[in-house]
Amino acid sequence: MGPISSLITMPEWLDLLIALLIGIGFGFSLEQAGFSSSRKLAGMFYGYDTTVIKVFFTAAIVALIGSQLLSYFGLLNLNLVFVNEFYVAASIVGGVIMGAGFIMGGFCPGTGLCALSIGKIDAMVFFAGGLTGAFLFAETYPLIQNLANGSYKGPVKINEVLGISPGLFAFLLIIAAAAMFWIAEVAEKKFARPDITNEI
Amino acid sequence: MKNRYMNPYLAGTMLGLVLLLAMFLAGRGLGASGGLKYCVVSIVGAVDRPHVQESIYYSKYFEGGKKPLKNWLTIEILGVVAGGFLSGAVSNRLTFKIEKSPKISNTRRLIFAFLGGVFFVYGAQLARGCTSGAALSGMAVLSVAGFVTMVAIFGSAYLFAWFFRKNWI
Amino acid sequence: MEIIKKYKEVITVVLIVLILVLIRSLGVNHFKNDAKRWAEPTIKQSNTITIEHYGTLPGKKLVINLDKDVSGISQITMDGQNIPADSILSKKYFKIIRKHDGPILLFSSETSVSARIWMVLSQMGFDNIYILNNNTDNEVFKYKFRPDTLPEPEL
Amino acid sequence: MNTREKFSIVLLCLGFILALLPLSGSRSFTVKPNELLSEVLDDNTYLTVDQVAKFIISEDSSVQIIDLRSPEEFKTVNIPGSINIPYSELLDNDSGNILNNGKTMNIFYSNGDFDSNYALSIARGLNFKNTYVMKGGLNEWFKTVMNSNFTGETITARENSLFEARTRAKKMFTEMNSLPDSLKLKFIQSKHIAAKKLDGGCE
C-alpha cells in the first residue's frame, strides 16, 4: 500500500501541503524538546544536559519500529521509501565538518530554524551563516566534486551489510540506545551545572 | 517563569511519529539543510542568471523551468519555522534574545554562531543531509549513510568540544 | 496488582502491538509475507505436474477441478473434487483445502485460470500445491521467426 | 519508576517483537484474498492478440507492453515497443516502479499462458490495477497474427479491417525484428524506461 505518494500521483499543491504540515510537526516537536536553546544542545557535549541524545535516538527508534511494523502489516512498502545514498568519503568528511559547526554554532539547521522562530538572535545569525555555507558550497563545488561524488555505494541498508533481519538489528540498536539513555542520565548527575540548566 | 520543556523521551516519540508520517505520506524522511540550499539557489538564480546557467551546480536546479522555491524541502522548512513559533507561543518562550554563556560577549557568540552555520551547512551539503536529513531519517530507514553521518557528526563534535568549551561552560 | 499499576502504560502499549502482530501472523485468510518466496516454485517451474506423473507424488492427493463443468477432469480422474474457481475461498471449500494434508492439484481446461489460482493460493501459504496440466511445452516458443530478406528499412 | 525506564522497557519489548518477526525487504501481497480472487477471474484482464495488435499499429502511448521472457529470448524476437522484465525479476525492487508508470495498461506476455498469468496474479496482488495479459502469449501471436492469411471467397468489412490490422502489425513486427542486432539493441535501450528514482533526503 503506502507510501501514499506512490499510490496516487498527487497534485503539486497537495504534495507541498503535506510538506508544510510535516514541517510544522517537525518544528513543534523540536521546540517542545527544547532544541531551540543552543546551550541545551551544546550541553550534551559537556554532559550537563543530554536531551539531544534522548530525543534523537527515541525519535529514530520510534520511526524505525513504526515503519517496520507498518510494512509487516502490509501498509507500507519500504522499497518505495527513500534510503539515503552512501558516499563513503562525503558522509565522513561532511559529518566531521558538521560536528565542528555544531559545537561552534550550538545549532544544527533544523534546531537553528526553530530557535530562530521563537526570536533567538544568535539563531538568526546562524541561519545567515547557513545560507553563506550553502553558497560557498555551490561556488566551491567544482573543486570538491570528486570528493562529493566519489566512493559511491548506493542506498545500502545496514542490516543487509551485516546480513541480519531488520527486526534483529532494530532490537540490537534499541538495547544500545537503552544503555546510552542510562549512561546519559548518570552523566547529567556527574557533570550537573545547575547554574546553566536553571537559565535554559 | 517559562514553562518547562517537554519530557525528552515524550518529545522524541512525537518527533519519531512525525518522521513516520513523512515516510508514510511522502515516502521520504525529514530535512532541513536542503531547504536552506534551495533558498540560496533561488536567490542566486534571481540575482545572477547567466552565472546560474553556466554553473554545473546551479544549472541542475533550474533545468526544465524548475522553481527551487516550490520544492518539498523549502516548504517543509517554512513549516518548521511555523511549528517552532507555534510551540514557542503555547509554552510562552517567544522573546528576542541572544542566548549565550554569561562568560562571553554577544559579538563573540554571534561570530561563532555565524561560523557554526557556515560549517554546518557546508558539511551538510557535502554529506547530502544534516542531522535530520541524513542522521535521523537515515537511521530510521537503516541506511548505512545515516549511521556513518551520525557517528561522524557527534564524534567530531565531542572531539572539538574541548577547544570551544570556553563558549559554553 | 502493584506492579500492574506501576507499569500500566508500558503494558498497554506493548499489549496492543503484540495483539495486532498476533492477529496478522496467525490469521488464516490473508496473504503471507514475502511474495517472492511463495512465487519461487513458478520461477523454478517445479509447480506443474503432468497427468501421467502426478500419481508419483507422495501422500494423499486432492485433485481440484476449477471448471464449471466436469467433462474436462472426468477424462483424467473420477475422484476429483469439483470446486468452481470463483468459490475456492468460500468457507465451505476453503475448509476442505486447509484441512487436507498432502499434495493439492489444480486442474482447469484453461491453463491461465489454474496458473492464476495457483499463485493466489500459494501466496496464502499453501506450499504443497501443483498445477495439473498436459501441455508441458506451453511456455516453449513453438514458432520460427523469419526475418524478411528485403534490404533493411532506412532508420 | 521514572520515564526513562518506562520508555526503555516499551522500546525493548517492541524491539524484541520485531526481532522475532519474519521481516524482509521484499514485498508481500496487500489486497484482500477475496478481492484478488475476483480480480484474477475477471475476463477483462485478458486481451486478445488482435487487441494488442491494434495497440501496436496505433502506437498507443497509454499502453505499456511487458515481455516476461529471458533477455536472450527478448533480444531475438519481441513485440514492437515492448520492454523486458524477466519473470524471475518481476518481484525485484525496481520492477514495482516500472509498473507504477502511470500507464492505463501494462500488458504482460510470455511464450505461453503460465508466466504471464502468474505475473498478473502477482501484480494485482501487489495492487497494480493497471495490469493485463495477452492471452496465449507469443505462440498465439504467431499463430494468429504472423501466420494470418485469409482463405475464402468474399470478405466482410469487419474481417477486412481485422486482417488489415493483422497484416500491418505483422509488417511492423517483422521490420522491427529483422533489424541487425546492433540497431535493435539501440532501439530496445531507447524504449526501456528506467525505474524512476525515489525522491527524498536533503538533496
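Letters are used for the chains, namely A, B, C and D, taken in the order the chains are written, and counting of residues starts over at 1 for each.
To be clear about the criterion, contacts are C-beta pairs under 8 Å (C-beta built on N, C-alpha and C of every residue); 3 or more make two chains touch, one makes a residue touch a chain.
As the structure is a prediction and not an experimental result, all values here were calculated from the model.
Of all chain pairs, the one linked by the largest number of contacting C-beta pairs is A-B.
The mean-CA centres of chain A and chain D are about 39 angstrom from one another, to the nearest whole unit. Chain B has its Cα centroid 8 Å from the Cα centroid of chain A. Averaged C-alpha coordinates give centres for chain B and chain C that are 50 Å from one another. In chain B, the residues touching two or more other chains are 9, 13, 26-29, 32-33, 37, 72-73, 124, 128-130, 132-134, 137.
Across the assembly, chain A contributes residues 6, 54, 58, 61-62, 69, 72, 74-75, 78, 80-85, 157, 166, 170, 173, 181 that each touch 2 or more other chains. Within chain D, residues 4, 7, 14, 21-24, 26-30, 198-201 each touch two or more of the remaining chains. Annotation, chain-chain contacts: A-B, A-C, A-D, B-D, C-D (touch as defined at the top). On chain A, the positions that touch chain C within their shared complex are 69, 72-74. Listing the residues of chain D that touch chain B in their complex gives 3-4, 7, 198-203. Looking at the complex, you find that chain D touches chain C at residues 1, 6, 9-10, 13-14, 17, 21-24, 26-30, 32-34, 36-38, 40-41, 46, 73, 76-77, 87-88, 91, 110-118, 120-122, 125-126, 133, 135, 137-139, 142-143, 146-147, 174-175, 177-180, 183.
Chain B contributes residues 5-6, 8-9, 11-30, 32-33, 35-37, 39-41, 43-44, 55-58, 70, 72-73, 75-88, 91, 93-101, 109-110, 112-161, 163-165, 167-169 to its touches with chain A in the complex.
Within the complex formed with chain D, the residues of chain C that make contact are 6-7, 9-10, 13-14, 17-18, 21, 25, 29-37, 39, 42-43, 48, 85-86, 88-89, 111-113, 115-120, 123-124, 137-143, 145-148, 152-153, 155.
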